[in-house]
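Here come two complexes built around subunit A, the first alongside subunit B, the second alongside subunit C.
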Partner chain A sequence: MTLSPFTIALIGVIGLLGIGFYGLMISRNLIKIVVALQIMVKGALLGLVAAGNANGQIGLGQSMALTVIVADTIVAVMGIALGVQIRRRLGSLDVRDLSSLRG
Partner chain B sequence: MLTLLLVAILLIFAIQAIRARALITSALWLAGVSALSSVLFYSYGAHLVAVIELSVGAGLVTVLFVFAINIAGDDAIQAQSVPPWTLVTALVALFVLLLGWFVLGVPVVAPVSPVAEAPLSVILWQARGLDLMVQVVLIFSGVLGLLGLLAEAEAPLKGSMAAEVAARRDREMQTLDSQILQIEDVRK
Partner chain C sequence: MLTTLTLLTIGLPWLGAICILLVGDDHRRLLNILAASFAVLAGIAAVAALPLATSQAILLASLGGVFGDFTLIPDGLALSVAAIAAVVGSLAVIFAIDYMKHSQQLARFYALVLFFIGAMVGLAVSGSLLFTFLFWEITAFCSYALISFHNDDPRAVRGGIQALIMTQVGGIGLLAGALLVYAYFGNYQVNSLLEGFQAVPPGVLSLVAFGFLVAAAAKSAQVPFHAWLPDAMEAPTPVTALIHAATMVNAGVYLLARFYPAFAAVPGWRLSVMAVGVLSALLAGLLALTANDIKRVLAYSTISQLGYMVYAVGCGAIFAAQFHLFSHAIFKALLFLSAGAIITSIGTRDLMRMGGLRRPMPFVYAAFVIGSLGLVGLPIANGFFSKELILEGGLTEGPFAFYLLMLLGAGITALYTIRLLWMVFHGERRGPEPAHDGLPAMRVALGLLAFGTLTTWLLAGGFSRLLADTLPLHGIEAESTWALVQQVCLAPATWIALGVIALAFGIWFIRSKLTAPAETLRPLASAGFGLEELPRRIADWTDRAAVSLQITQSGQLNWNVVAIPLALIAILFVLLGFK
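Coming up: the complex of A and B.
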């Protein structure tokens, strides 16, 4: 059985999305959560590029991937800045320490 | 075969980025994921995206991560998940199975006739012009948000909020102790 390049890319997409989702579920560190988000976005980018390649519209796939890269970078920068601020204010990066409501 | 090998190494790097205890190690594994994915993009014909991913994903974002970890410190939080492990495993398995069933079952729609695609610049500036406007707005809003956060960081902080709350509690407890001692003295 030979796998086509598109199928190989789809396996990579599923793997990256699954690993990123697992990281989102188990991580309590804010910066680690941003890392998991980045991994998921890499999976989405690979899917866009592979779909563009398979359909013969690689330019369209590239233009969409560019938009995703810009949005992903903004999300990463804002997440890191928020993490640094929370560390300065609360002294911890643990998401469980963020809860200030008691009840 | 080479593509399959690249995807396998990419997945191993991604797993290491999640598994690594130290944040700096995790950021470096993530840079490896970005570099390998840019090689994959190049092999799929997306040359421009490959270059941008290599410079932004493996360069800029990694530098930002290292900068933030230097400021915030490399806290070694034990890898205990907030939800139970069984629930996490079940949810991730369900997610991967559903995604695989949905994605791998979709047939590839091949182009009916080989049509010469317009150059990328034409697609970007004419067909996807609205996307470019959204990107410009995103970049401006990101820069403004970052400036707001960093400007707030310049305000002098006397210490962490948790330490202040603990010190206030200590002072209140000392006051209560002294009041109790005074009442006992009066009774005697």
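Coming up: the complex of A and C.
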């Protein structure tokens, strides 16, 4: 059985999203959470490019992916910056210490 | 010019609110100055816009097919409501300088008040129903946040939630009406509905009309949605005077008056509007007779006076309704602010602990008496002319039974007003020694409002010309002040009403013989005729639901972050389902 390129890309997308989601659920470290989020976004990027290719609109998919890269970088920077602030104030990066929003 | 002034009236208070939030709680003097100056500037802009009023809609921005055009309709109706909000608002802010002297979190207070003033002006002048709805909800939010200002007091929190839920019911009515308008005209413009309502099928038009009636009744605290207003009395008194007497509650009457030409022909609509007004006026009057909290008495009297305005709109007496709205805003703000001065002076709201305050507080006493003249509708005060115009309109246009009930309402008004005046200022001193007779900033606000109560009826002619010139569809005739005064003085309705009021005063002096019927009324009224229980329960349910939903707020970052992708996936499936 030979897999088409699109199927391979799709497996990649689901794999990356799954890994990222798993990471979001179980990581206690704030930096790791940001990394997991990044992995999820990379899965979405791959999905965009693959979908553009399958749809025949390669340019559209790629330009969308580029836009997401830019936005995503900002998200990562913000996340890490918050992490730095939290480390300074609480002295830890463990998310279990961030429970002041508990209802 | 007109556009600039109108936008300034919305924008200045909002700008002020942002400045105040940026300054923060620590600089109290600066906060006072900022709040008062922005509010006064907005008031000046609103008054300056009045002579320029036009019936043409002004396009501000096109926001595409979904949101439609954002337009202004700066006609007499809109600008007068806006000016009342801005001017009374600025006086309430000046009063608050003294009233909130020892209060914490002053910045939050001023920011919300200013934000509210801007939103109320926006509500009035917006020509697009969608934006009217938006501003409507902002006023509801500000009202909620200010009622619950003392958020460590459970009664204040409950009152706020109750107000929010009730006005949301009204908001749904307004939104439903706006969406139906969009379905038929492809835009949200007020003017398309007013000019093209014949094109709408009668069934749909009546749906819109009754939707708006529900919205108006909820916002103006009319029966059966009135219960939130008395419970809103937990708010600081300047807020009560501003929101729950002079501005926000007027929005309902304004809405009905605005769309009267479109809905007048809907079968049963006018009768329903009149019935809502009559019921509210009478029921709230009876409740005011038995309440023992000075602010609650005034709250019930507000409901009752708003009932008069709603009734006048139902009769088609738009000018009388708007004129009473104008008068009421002034004399009720005066009464509430006087009550605020009394409350800060002796530290209680309980009428049983007042009495005999006439001698130690002559200034406040004089202000309160002038406000009472307006409320009862005795000559020289503005309330006399506006209320008589309403009763006259009711006699000529409405059913005779309703007119008689409204006359009875005028009598009840006189009765509860003299009861209030007596229990606060006359008789034996039952409570603590008053600390002051109105602080300086309070006196400024009270003095100006008292002057307004005695003189604003002189503006009747100009006001009627303003409305008649800019509202071609409402059938308002311009008349001079002198002609209106003559009309009022010569109308038999006036003399009948004055007779009823005199009778009510007479009843007050033989009150000792009437304790038996009063006692039978009391348990019934203290239960609010059963209508106040339901909203309280709803507020309690909301509270309990919030507590039980607290488990979703685990405070764990993992769950919160996981919820975001889950929600995105859910949205994806919904969108795929719609495809």
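For this structure, a couple of remarks:
The rule is short, and it goes like this: the second predicted complex is superposed on the first by the 99 of 103 C-alpha atoms of A that agree within 3 Å, B and C clash if a C-alpha of one lies under 4 Å from a C-alpha of the other, contacts with A are read in each partner's own complex, and residues count from 1 in each chain.
The criterion applied here is as follows: a contact is a pair of C-beta atoms (placed from the backbone, for glycine too) under 8 Å apart; a residue touches a chain by one contact, two chains touch by 3 or more.
If you're wondering where the values come from, they're calculated on a predicted model, not measured in any experiment.
With both structures placed on the common chain, the touch criterion links A:96 to subunit B and to subunit C. Of the two partner chains placed by the overlay, subunit B and subunit C both lie in contact with A:21.
When the two structures are aligned on the shared chain, A:80 is found in touch with subunit B, with no touch to subunit C. Using the contact criterion defined above for the overlaid structures, shared-chain residue A:33 touches subunit C, although it does not reach subunit B. Of the two partners subunit B and subunit C, it is B that touches the larger number of subunit A residues. When the two complexes are overlaid on their common chain A, residue A:61 makes contact with subunit B while staying clear of subunit C. Residue overlap on subunit A between the subunit B contacts of one complex and the subunit C contacts of the other covers 21, 25-28, 95-96. Interface of subunit A with subunit B (complex): residues 3, 5-23, 25-29, 31-32, 34-36, 38-39, 42, 45-47, 49-50, 52-67, 69-71, 73-74, 76-78, 80-85, 87-97. Within the complex, the subunit A residues that touch subunit C are 21, 24-28, 30, 33, 37, 40, 95-96, 98-103.
Residues 549-558, 560-562, 565 of subunit C touch subunit A in their complex. Residue ranges of subunit B in contact with subunit A, taken from their complex: 3-4, 7, 10-11, 14-15, 17-18, 23, 26-27, 30, 33-34, 37, 40-41, 44-46, 48-49, 52-53, 56-57, 60-61, 64-65, 68-69, 71-73, 75, 77, 79-83, 88, 91-92, 95-96, 99-100, 103-104, 108-111, 114-115, 117-120, 123-124, 127-128, 131, 134-135, 138-139, 141-142, 145-146, 149-150, 152-153, 157, 160-163.
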